[in-house]
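Some structures are shown below for you to check.
Here come two complexes built around chain A, the first alongside chain B, the second alongside chain C.
So, the complex of A and B:
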């Protein structure tokens, strides 16, 4: 079971509380066994869908079958370490602006579970510490 | 006993029942430090604030026209919690690769955390 979490802010929604990404242990196991396609397979699919959203045709949008099939047929990238699996996850599941663009402060951090508060009373006021 | 491992199940003859779906589900605790109890075909879960979650898929669906079933339950303050799809969570709360999701107290408009959340998705692979 991974002891890591990723805390992040969405650069487009800085008024929202800091978010916490919880990796799936099953997926981490898969990643460390080398069962993932190249990350570019997901990026291509995400790009196509974002374009459809921007053009107002999301409800009738369908992925290109060849690109879609690549998530099953592309050669696997081989076993990853736990850190590499987390980096892959960040590049797949966090908003791309978080990690692909320069900001005046870090937009995400990898932390351990015990660094995330368990008391959620003021959950909507959480901010990433400097 | 041998183990069959596959990502896709498809019918090989026409005219039969369509066996062509993704099996994607997650069961998680949305209180405290949120944690996934178990899942299939999920990469991660994002805790976006009180009662607001995003489920990220490890399989991308061909379109957004797939089917979702969700449940939530809580014993918090003996109050029933009902769940619904959050519609105010981004440019597209449902995409082919993730779903943004919210839980609120029954009859209320305030988001609330739930202890037992589960989420099942079924859809075509192509």
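So, the complex of A and C:
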């Protein structure tokens, strides 16, 4: 079980509380055993879907079968370390603006689970510390 | 352990079975945790009563079905689980879910569970 979490802010929604991403143990195991396709497989799918959303045709949108199948058939990239798996997950599951664009402060941090507060009384006021 | 790889499942009369493609069990009391899952790459605590489930692999389209259950173990009162489409509709890779108490306020639960059925 990974002890890491990723805290992040969505640059498009800075008025929202800081979010906490919890990696799936099964997915981390797959990543560390080398069962993932190149990250570009997921980016292509994300790009196609975002284009459909922007053009107002998401309700009829269907992924290209070849690109979809690549999730399972593309050559695997080999075993990753825990840190590499987290970096891959950030590039797959966080909004791309978080990590692909420069901001005047970090938009995400990898932290250990004990650095995340367990008292949720003021959960919607959480902000990432500088 | 053996692994069966098939494209479709049917009974002997040809009626199809449609197994869940993804399932998730989570808690948002204390430090948010993904208790158990298959087909989920990450679970995101987005604030009180709101979470995002991100799939390991994309569905073919976003017209999948989700069934879920929400509650507070060892606690009183009803809790509800629903789609949080306020900021983002379901996509082929994520579903945002919200949890409410019976008063209608967003509420953190310690028993959240959902399964997804659709085209992979």
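Going forward, the second predicted complex is superposed on the first by the 130 of 130 C-alpha atoms of A that agree within 3 Å, B and C clash if a C-alpha of one lies under 4 Å from a C-alpha of the other, contacts with A are read in each partner's own complex, and residues count from 1 in each chain.
Note that in this section contacts are C-beta pairs under 8 Å (C-beta built on N, C-alpha and C of every residue); 3 or more make two chains touch, one makes a residue touch a chain.
These numbers were taken from a predicted model, which means no experiment stands behind them.
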With everything superposed onto chain A, say whether chain B and chain C fit together or clash. clash
Quick check on the superposed pair: does A:84 touch chain B, chain C, both, or neither? Answer first, second, both or neither. neither
Which partner does A:24 reach: the first (chain B), the second (chain C), both, or neither? both
Touching A:42, do we find chain B (first), chain C (second), both, or neither? both
Dual-contact residues of chain A (chain B, chain C) 13, 16-17, 19-27, 30, 42, 45-46, 49, 53, 58-59, 61-63, 65, 68, 71-72, 89, 92-93, 113, 116-118, 120, 123-124, 126
Quick check: in the complex, which residue numbers of chain A touch chain C? 13, 16-17, 19-27, 30, 42, 45-46, 49, 53, 58-59, 61-63, 65, 68, 71-72, 89, 92-93, 113, 116-118, 120, 123-124, 126
Chain B residues within the chain A interface of the complex: 7-8, 26, 28, 31-36, 38-40, 42-50, 56, 58-64, 90-92, 95-98, 113, 126
Sites on chain A touched by chain B in the complex: 13, 16-17, 19-27, 30, 42, 45-46, 49, 53, 58-63, 65, 68-69, 71-72, 89, 92-93, 113, 116-120, 123-124, 126
Mind listing the chain C positions that touch chain A in their complex? 28-34, 37-38, 40-48, 52, 54, 56-58, 60-63, 87, 89, 91-93, 108, 120
